[in-house]
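To keep things simple, chains are lettered A, B and C as they appear, and every chain counts its residues starting from 1.
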Amino acid sequence: MIEILFILSLVVVSALLAVTSRNIVFAVIALLTTNISLGVAYFMMGAPTVALFQLAIFAGAVVVFFVITVMLTTGGDVEFDDDSVPWINKTTQLVLAAASVLVLLGVSLTREIAFPYLEYASSALETLMFAPTNYDDITTAVSQFLWQHRGFDLVSQSFVVLAAVICCIALLKIRRDHE
Amino acid sequence: MYPITFFIVTTALLFVFGLVALTIKRDLVRLLIGIEILFNAANLFFVALSTQHVGMIDPLPQSIVMMALVLDGTVIAVGLALALNVFKHYKTFDIRKLRRLKW
Amino acid sequence: MVGQAMIQTGLQLPLPLLISLIGAMATPFIGILSERTGMKLKEAWFVLVSAASLGGVYQLYNMVKAAPDGVLLLYSWGQAPPLSGCLEIDMLGVYMSFSIAFLGLLVSIYSISYMEHETRVAEFYTLVTFMIAGMFGIVFAGDLFTLFVFWELMGLSSYVLVSFLKQNWGPIEAGFKYLLMSATAGAFLLLSMALLYGLTGTLNFGMLANSIRGNPLTPWTVLLFSTLIVGFGVKSAIVPMHTWLPDAHPEAPSPISALLSGVVIETGLYGLTRLLFVVFEPSVFKLPIAALAVLTMTVGNLLALLQGDLKRMLAYSSIAQIGYMLVGLSAGTVYGAQGLFLHVFNHSMMKGLAFLAAGSLIHIGNTRNIEDLKGIGRAMPLTTMGLFVSFMGLGGVPATSGFISKFMLFSSAIEVGMTWLTVIGVLNSALSMAYYLRVIKTLISDPIDSMKGLKEAPKLMVAVTVVMTLVVILFGVWPEPAVSFAESAAEALVNGFNAYIGAIIG
């Protein structure tokens, strides 16, 4: 019980640091921490394949894109200091982080927010819920489900990725005019 | 497996952080970081729903989140390519300088 | 094993979607081929794909009419709903896809001559075809995540198409703001998907209609409603989530502005309509949508009065027209929905015509400022006539198609007892004629020096303008086909739940 709360508070604190840090490179590192902690949290919650995708895409590819963009353009220089909210300094960040962790722990451990889970489910609902015995079961079942029941979305998603590649080509192409 | 209260509170906090980043901050890369935090919050809530029945796992939300992760990654990649173009024109990432298009 | 069984049972896709996707995949290669040989292959391929999609829509119309109960359920590789993604096509889907395909064909012919002297034209055609394919996917979707995948396809293509002329700063700034707001809406859409899944255990539209519809409101349902409004509202430009539109539509190239104003925001509105009718009963969302309608109409019309830029004025006018369509949505009856969808088609024709005619004027006149275009109407009579007819239609003058759909929208509000909404709507319509007539007066007055000696626009652009003018007038004096088509679409949406659910469950 307490380990998931520890990971979730790490997620919250690093997200806060990603938003409030002055230096943009620190913010990207904090984003990386957020994504890795979320990946670990997904694993602990019982979703190992989702954790794999999170660590590979969000904590891998996307953060690398961020670092490349920041370094190629401003070069990590602190010249443009994001001082839109000038009263955020290190002590305020610490106070805000402590406050968010306190809110998280306080509300989670004392109150209970009830979610009406499956309250409106129809009687004809089909579901493939199962009781796993170890992580292998979950991995196999989720991968099988993905291909056996969501194949159409997977193929459509590959078209989205193709469109994104053509988008990036159209945005970044340099063509010198041939006279 | 774990009570859903934990995840509801975390999702709400992450949503607040993401929206605050989008409204207050002015560095373009920080705005994209805010969007990424919003996506993470939505995915966390979805995955939390897959483990709600005691002792059972629901594979549908996990599959949806896997595909949503890929789609969100592509959106952020195109956003970064646009941010590179902004830098080429304006030589800065400051969104307050992008106010040339007014009323 | 499993893979072989998948390949053997085959891929069932509706023809417009299949043609657009395959056509978009092939366009880069045809572009390379066209550069090697020097022939205009990619333009011909682009128009061919658009025309074939329109033919596919006709075939789909026949298939849906012949299907039992008027609902066609397509799923691939034997993966049956409600656990898998599916395409559930009823008459409403066919109607929306007809609007999309028709405007797509006209815009593709126009953009051949508009984009003649630009670079990266092959990428342009690819992205336009992907955007149209995404729109087809949205109107055919039967599952909320399938809709989301095609939503992102349409969105990604449109972000880059808005910022296509990247050598100027305007499109880049507009494209980035559009991306920011639209990606945030995507996150809200994912959250609404999560809430719906948690409440009902499914994401399939038919199964959702069987589950949550007709239940009283709780705090969680209100949260679901708000996230749905934000998620779909940014793309449909509902005030206060409209602020990307007045920047994005003017800065985009004119054929893209026509597509954006004509079909993309209407597809966003289709998504909102479908979700609201499937998840809630009409009495639940009557008042909130009516309030949003008043806000959207008023803000759109008032801000359009202040504009000096021709395309920016047309963009604010689009926001106002979405407000009128929301009036039809808030009525919640078949008549209201019929007015909504008829106005979707008419608006795509009229606003598309307005943006294409404005594009021709700006192409020749080299400025977007209305005052600086003074007198260009004398040199370009056909284009200005097209602009005039589109303005008459947008304002709701009789003998144009706009009058009929506006009449339906406002009278449907009276039917459900919201007469105040009709009064505000009619006042807004009258107000809009003020800024339309001001533009026409400026365009046909005596030309200033820079507007003398100009010639008419290239032939293809003028031809498309004339064809669209004729369509607007034709459907104004002979509205029966459009009205009955819209009526069958509205029937399928509002009353067709048994058929919709029966295709999934029964």
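Worth pointing out:
Here, contacts are C-beta pairs under 8 Å (C-beta built on N, C-alpha and C of every residue); 3 or more make two chains touch, one makes a residue touch a chain.
Bear in mind that the values here come from a model prediction, so they are computed numbers and not experimental data.
Ranked by C-beta contact pairs, the top interface belongs to chains A-B. Closest chain to the protein centre (all Cα atoms averaged), using per-chain Cα means: C. With centres set at the average Cα position, the gap from chain A to chain B is 7 Å. Here the CA centre of chain A is 32 Å from the CA centre of chain C. Computed centre separation for the pair chain B/chain C is 26 angstrom, with centres defined by C-alpha atoms.
Residue positions 115, 117, 127-128, 149-150, 153, 157, 160, 164, 167, 171 of chain A each touch two or more of the other chains. Under the contact definition stated at the top, the residues of chain C that touch 2 or more other chains are 83, 145, 149, 152, 156, 159-160, 163, 166, 198.
Of all residues in chain B, those touching 2 or more other chains are 18, 43, 49, 52, 60, 64, 67, 71-72, 74-76, 78, 82-83, 85, listed in ascending order. On chain C, the positions that touch chain B within their shared complex are 83, 145, 148-149, 152, 155-156, 159-160, 163, 166, 169-170, 172-177, 179-180, 183-184, 186-188, 190-191, 193-194, 197-198, 203, 247, 251, 303, 306-307. Residues of chain A that touch chain B in their complex: 1, 4-5, 8, 11-12, 15-16, 18-19, 24, 27-28, 31, 34-35, 38, 41-42, 45-47, 49-50, 53-54, 57-58, 61-62, 65-66, 69-70, 72-74, 80, 82, 84-85, 100, 103-104, 107-108, 111-113, 115, 117, 127-132, 138, 141-142, 145-146, 149-150, 153-154, 157, 160-161, 164, 167-168, 171-172. Residues of chain C that touch chain A in their complex: 2, 6, 21, 24-25, 28, 75-77, 79, 82-86, 119-120, 123-124, 126-127, 130, 133, 137, 145-146, 149-150, 152-153, 156-157, 159-160, 163-164, 166, 198-202, 207, 210-212, 215, 218, 220, 505. Of all residues in chain B, those touching chain C in their complex are 11, 15, 18, 22, 28, 31, 35, 38-39, 41-43, 45-46, 49, 52, 60-61, 64, 67-68, 71-72, 74-76, 78-79, 82-83, 85-86, 89-90, 98, 100-101, 103.
Within the complex formed with chain A, the residues of chain B that make contact are 1-10, 13-14, 17-18, 20-21, 24-27, 29-30, 32-34, 36-37, 40, 43-44, 47-53, 55-60, 62-67, 69-78, 80-85, 87, 92-94.
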